[in-house]
Amino acid sequence: MKDMPSRRLGVAIVGLGGAVGTTMVAGIELIRQGKAGTTGLPLAETLHPGLVAYQDLVFGGWDLYADDLAAAAAQHRVLDGPSLDAVRPALSALKPWAPAANVDFCKNVTGAAGSNRVTKRGQADSIAEDLRRFKAEAGVHNVVVVNLASTERLVDPTLPQFQTPEAFEAALDADDPAIGPAMLYAYAAIASGVAYANFTPSVAADLPALVKLAKRNRVPVAGKDGKTGQTLLKTVLAPALRGRALQVDGWFSTNILGNRDGLALDDPASLASKLGTKGSVLDQILGYHVANHKVRIEYYPPRGDDKEAWDNIDVSGFLGQRMQLKLNFLCKDSILAAPLAIEIARCLDLAHQRNEGGVLDALGTFFKAPQTADGKEPEHAWFEQERRFRMWLDGTGDMEATGLTKAARRLANVR
Amino acid sequence: MKDMPSRRLGVAIVGLGGAVGTTMVAGIELIRQGKAGTTGLPLAETLHPGLVAYQDLVFGGWDLYADDLAAAAAQHRVLDGPSLDAVRPALSALKPWAPAANVDFCKNVTGAAGSNRVTKRGQADSIAEDLRRFKAEAGVHNVVVVNLASTERLVDPTLPQFQTPEAFEAALDADDPAIGPAMLYAYAAIASGVAYANFTPSVAADLPALVKLAKRNRVPVAGKDGKTGQTLLKTVLAPALRGRALQVDGWFSTNILGNRDGLALDDPASLASKLGTKGSVLDQILGYHVANHKVRIEYYPPRGDDKEAWDNIDVSGFLGQRMQLKLNFLCKDSILAAPLAIEIARCLDLAHQRNEGGVLDALGTFFKAPQTADGKEPEHAWFEQERRFRMWLDGTGDMEATGLTKAARRLANVR
Amino acid sequence: MKDMPSRRLGVAIVGLGGAVGTTMVAGIELIRQGKAGTTGLPLAETLHPGLVAYQDLVFGGWDLYADDLAAAAAQHRVLDGPSLDAVRPALSALKPWAPAANVDFCKNVTGAAGSNRVTKRGQADSIAEDLRRFKAEAGVHNVVVVNLASTERLVDPTLPQFQTPEAFEAALDADDPAIGPAMLYAYAAIASGVAYANFTPSVAADLPALVKLAKRNRVPVAGKDGKTGQTLLKTVLAPALRGRALQVDGWFSTNILGNRDGLALDDPASLASKLGTKGSVLDQILGYHVANHKVRIEYYPPRGDDKEAWDNIDVSGFLGQRMQLKLNFLCKDSILAAPLAIEIARCLDLAHQRNEGGVLDALGTFFKAPQTADGKEPEHAWFEQERRFRMWLDGTGDMEATGLTKAARRLANVR
Amino acid sequence: MKDMPSRRLGVAIVGLGGAVGTTMVAGIELIRQGKAGTTGLPLAETLHPGLVAYQDLVFGGWDLYADDLAAAAAQHRVLDGPSLDAVRPALSALKPWAPAANVDFCKNVTGAAGSNRVTKRGQADSIAEDLRRFKAEAGVHNVVVVNLASTERLVDPTLPQFQTPEAFEAALDADDPAIGPAMLYAYAAIASGVAYANFTPSVAADLPALVKLAKRNRVPVAGKDGKTGQTLLKTVLAPALRGRALQVDGWFSTNILGNRDGLALDDPASLASKLGTKGSVLDQILGYHVANHKVRIEYYPPRGDDKEAWDNIDVSGFLGQRMQLKLNFLCKDSILAAPLAIEIARCLDLAHQRNEGGVLDALGTFFKAPQTADGKEPEHAWFEQERRFRMWLDGTGDMEATGLTKAARRLANVR
């Protein structure tokens, strides 16, 4: 099957009508029409027989807002006028499916849809049914799920009902209020044998219960929280600061953004989830605790989907002398995120073909808070993540070591 | 000898009295006194039996200005008051040796010393004699030379007299005006069996004639132009931009600095040398030509040794949408450079102990324009340079591969 | 008296041992010693017979911390080493007086002193007594009070006890908990006939009760919250944006600072006071409400007394097109504040000599939230403030008009 | 005539097809259609009976490029898609007149038109004829000329032929090569009794000969070089730095821009003109010479008409301590310039109605290098310029004084 010229992949998106979701769908449509190139798609130049072609991606998914995708895309103002015109016919034919949602988990984003859901078990069943129907109707070889929904409030993953598949299912049957929408999608996908990636900071497939289920069912899962802008730069620069032995005395990060994501993060509970995934990367990379690492995310409507990150880094160098490095990234949230989500979907499918189940550590390069198969602290240094990812693509990832020098030592040991 | 606890290394510096040279000497003295830590020294945490201890470095060298090092350091204003006080006794005892210099090669920096030099051959002999005397008087196990002098004017390295050791020596005997001071130091060191590193953009050991001589004499050489600030960041960030498939439409780099280096670069001929070493890194890393890569260096006296880099990077992402990344690095030139020069000296000595001769490719991590043993285009991506450097340190550098994926393939082949 | 060559002025500072207070005292001492110039002192070049000479200022004041001023100054790290050495004898002879303080009003700054105060009336009496003693012992012609203490929590100035001098005094006698320390100092000064300026955002002489008392007693008062950095720039730039008809769609201001002020503002109650005085300037200058004006102040210890302001301004221009202006001010809090506080003290004394009582509108140029004599909205545009201030200095302030064009019309009317 | 409701003004633009010219024409058309507001037009809220209404402006002018204005506007990419669509019919009907041009004066901008011009006298006559025809055909009450052409090379205005109208005319008849195109347009306008403004740095109506002619003919002239971005900010901020007695140790200004203006300035001769008008403002405002005031303009194609200014300002404050202020202005050249040029045209017409001849000092607020009637150094501080301009509009400009304190003194003298 791997060599079939026309493998088609169905991508079911949680939050299909959002800025990122509509940009994914529109982007692939523009590529199909020959009106957009592959800039921004990290694997565009990676020829790999197992990766489905961009134009062979088929989209579906759920959203709180029932608008067709052309209407949704127009609202997000990510696409320019000519692009929007070109994709209108295709996008207006696509309407999101009714979602599983829970206003208690994401206060600032509420749509008209999704109100009269029944039990949580019922919702999970309905999601699984959606996936079956999608696969059949779209005529695709495989389906994967990518979560792009707004950030949910922080949940304690150490609760007992989250520790085993059995406990989780019992809680599901008991309509446990601790189970949030993101978990429902993750569970329904994994239980159906459908690979799942979490592009958001919400708690989902990273629950011990779902990790175990994914391993047991040999379903690939990956997450979480797409590493697009400020955190990407942080994990690119911090290793260099360490390499040059410059001590980080403080790192102050401010973000201003004005899209629906920003609005969701204006709710302190959702913000806590986000800051959690942003916060830990520095200490792991540098090897010491940075007491003054502060991250702020501010809702600032004038920007819309444009996002601005301002970072100030205080470092001490030789003889304790102080220096400052400042970064100012004027970026576009969905433009950075959409191609990553596309590549993640293709990689989930590759793993599925290879019969790899459980957490895909190798996809850490795409995430702010990479899930690890063993639950241990992930590698955050981007270049090391990238090296491991490329090795995984090549099928040599099983030899992967955990650090530069160790890699070298391992090499020596092989002889 | 490798395991002796008290191996001592003599470091002979061209431009000893400059801001970087005095900072090296003062820094090691402060470490010796327990008044400074090892922040900024990349190998401080690398325990390696072949690397001489910091406190076992002994300094000497040449300078156009005859001031003792305490006076010179006071003038450069790199050290703070208490540090300067602490090192004054040690530094005031150290006076530079009379230099080989040529005003035609570096117009804006002229000192009182070095005027009545005789022939170029005579100068080379005098340098070699200085090195012999230094080794004897300092009682060190080995001596290395590091060039920290002001940037000289650009010289055409393809001239016939620069192609073979024999042609170079003939030109030397003929007092050829094309031979500049940096070449004289490099030649004298290599001919004397003394390892040589070029921390400046000047043409020196990178002449084909001297590369051949170094290989023949089994003398380690490395260069050139220390990668301290803006170019370091460029070679850290550019690979990530490539990794994310963001297309670089333009990269505008401005530097303002006010020290003697800046003054030297106010001479267009010297500036040309500098810009040459800064310019090529982007294209190599990105794999395509960046038409709008502009680098400006501006002499701006208010800053003294403090240096400021401002970079604007224009990128296109998915669907051709434009974003900007701006960097502002408020750094200290000598504080960044001195520890690198110290590590380079220690590494030259390590290579000498290992009997490695010719160009040390593995030291590319320290240079803007890394010399390569085969004369081919060097690797510029900092993380790959760093990986190779760490492997070389571990003694596994001979297995070194040229890229991430290739490294992975090689691994597969080993089995 | 105005022409006496040796008029001496006593400046009693609330928060004498703070970073600003010690910098004032040290700065005047350095000027006296001829070791510092008058850079940063706005009136240094204004020759005015009524302004006391800088070297004729004599300092005293209260502080929660009992340290002598040399010890305090050393802790604040505002002065460089040589300056601190030069002023040590003078500053170590100066110890703060025991303060009136109330931990309930400023949670994050607590010193050892000030614990066993009796009633609020008792505290007020004690402050008045301190002022009398200071004037007598220092042998000065006049005394003024400047409040430099940490920001207190926000108090509702519309409470009935704050409306008339009589109500305030009754509350004082009743030991009313709504009366905070800043009010006590203001009351004690005004009741004693001593001019008072509030350099902090705390509620003090701006209470209606105290404004009336000041007018009745012909005591000059001015405030509040020194306009040193970010807000100064805002009130300089905003009028130009209006002048060019550029519409401000958003203004995002972040401050990072690490001194005791920053710590005080880490208490949300104190922060509310501060943000209050920072917030209203834009709307008044621009003539419309800027919905997206956000101001953030962040405690960031690596910076100490250094302060960094980062402003992003989103503007729309002709044809609705969007532009951005970003400001990054790397400043020193006390270095900016101390000279303003010095000039304010001199101006209070000038007003006292001129027998001007009540609120000095003309000093608005120095404050983020200028008090006005009529309680109406103040002028915030810095250049107009400055014009009025210079006219007041010249003694033509009574002719002052409220706007540029009106000023011109008034001129015509005079003839 | 002043009160006629339908006064119409013809604006003849030198460089009509350029980015600024097309934006002026398109902007007024959009206002006429009700599709654009008046944001960015400084006098939009100034109700003045003598100012012609925006929709009553009629455009014509010369250009090297013969394209109709719709084609030209499309090329400049200043307007967004919908705006361009809306104005296409109106703009495509407008074609530039054949120009007087001289490749020797502006090397990097050469169009197809304008090649076979005859003598300079012939060119001047042809320009005058164009103006007569324009007035007649457009049916307007008055015509003014605004120069928006690319910057010409620097010319020495002290040459004898530039000192009197007679000498200039003799040189014109002799086809003197020192007479550049900008001078021809200025001469032809002034000689025809048509008001003239120079929005470029080129030497034109600022020649002594033409100033005298304008005064003699009672023709209003104003210039030169529109103050839109970086210099505007400089003249807004510098007075505040002076007001706070902060000493400017250095001011480093870099501009990157990629439009035809940038290309023109890539020619060193044109750049010299531009830097000349940018350079002198600081010293005049601050009252001392800033040794390290550096201005760089860099052609950087990725930006198109977008322009970015980066300013670094080094200041010393109290006790000589150093601070930095950085500005980053992401602006749009033509969007800032077009509304200023529109207002200048309206003001020239107002002056014409008032029978004011010679240099209009009061329009200095719009220019980087304001021309003055007496040839003396102009006021550069923006707020003072603005104050004088508003007084001039009100008709009280004759009472205008030259400085803040002097204004106050004058007030005192009146009594």
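By letter and in written order, the chains are A, B, C and D; residue numbering begins at 1 in each of them.
The working rule: a residue touches a chain if its C-beta (ideal position, glycine included) is under 8 Å from a C-beta of that chain, and two chains touch if they have at least 3 such contacts.
All values reported here derive from a predicted model rather than from experimental measurement.
S.K.: What chains, if any, are shared contacts of chain B and chain C?
M.R.: A, D
S.K.: Tell me which of A-D and B-D has more C-beta pairs in contact.
M.R.: Between A-D and B-D, the larger count of C-beta pairs in contact belongs to B-D.
S.K.: Cα centroid separation between chain B and chain D, in whole Å?
M.R.: 50
S.K.: Averaging over Cα atoms per chain, report the distance between chain A and chain D in Å.
M.R.: Here the centre of chain D sits 52 Å away from the centre of chain A.
S.K.: Using Cα averages as centroids, what's the distance between chain A and chain B in whole Å?
M.R.: Their C-alpha centroids are separated by 42 Å.
S.K.: Quick check on chain C: which residues sit in contact with 2+ other chains?
M.R.: 80, 324, 326, 328, 330
S.K.: Please name which positions on chain B make contact with chain D in the complex.
M.R.: Residue positions touching the partner: 249-250, 252, 254, 256, 291-292, 294, 296, 298, 300-303, 308, 310, 312, 314, 324, 326, 328, 330.
S.K.: Help me check something: in the complex, which residues belonging to chain D touch chain A?
M.R.: Residues in contact with chain A: 81-82, 328, 330.
S.K.: Report the residues of chain D in contact with chain C in the complex, numbered from low to high.
M.R.: 23, 26-27, 30, 36-42, 44-45, 79-80, 83, 232-233, 236-237, 239-240, 243-247, 316-321, 323-332, 335-336, 338-340, 365, 382-383, 386-387, 390-391, 394, 396, 399, 404-405, 407-409, 411-412, 414-415
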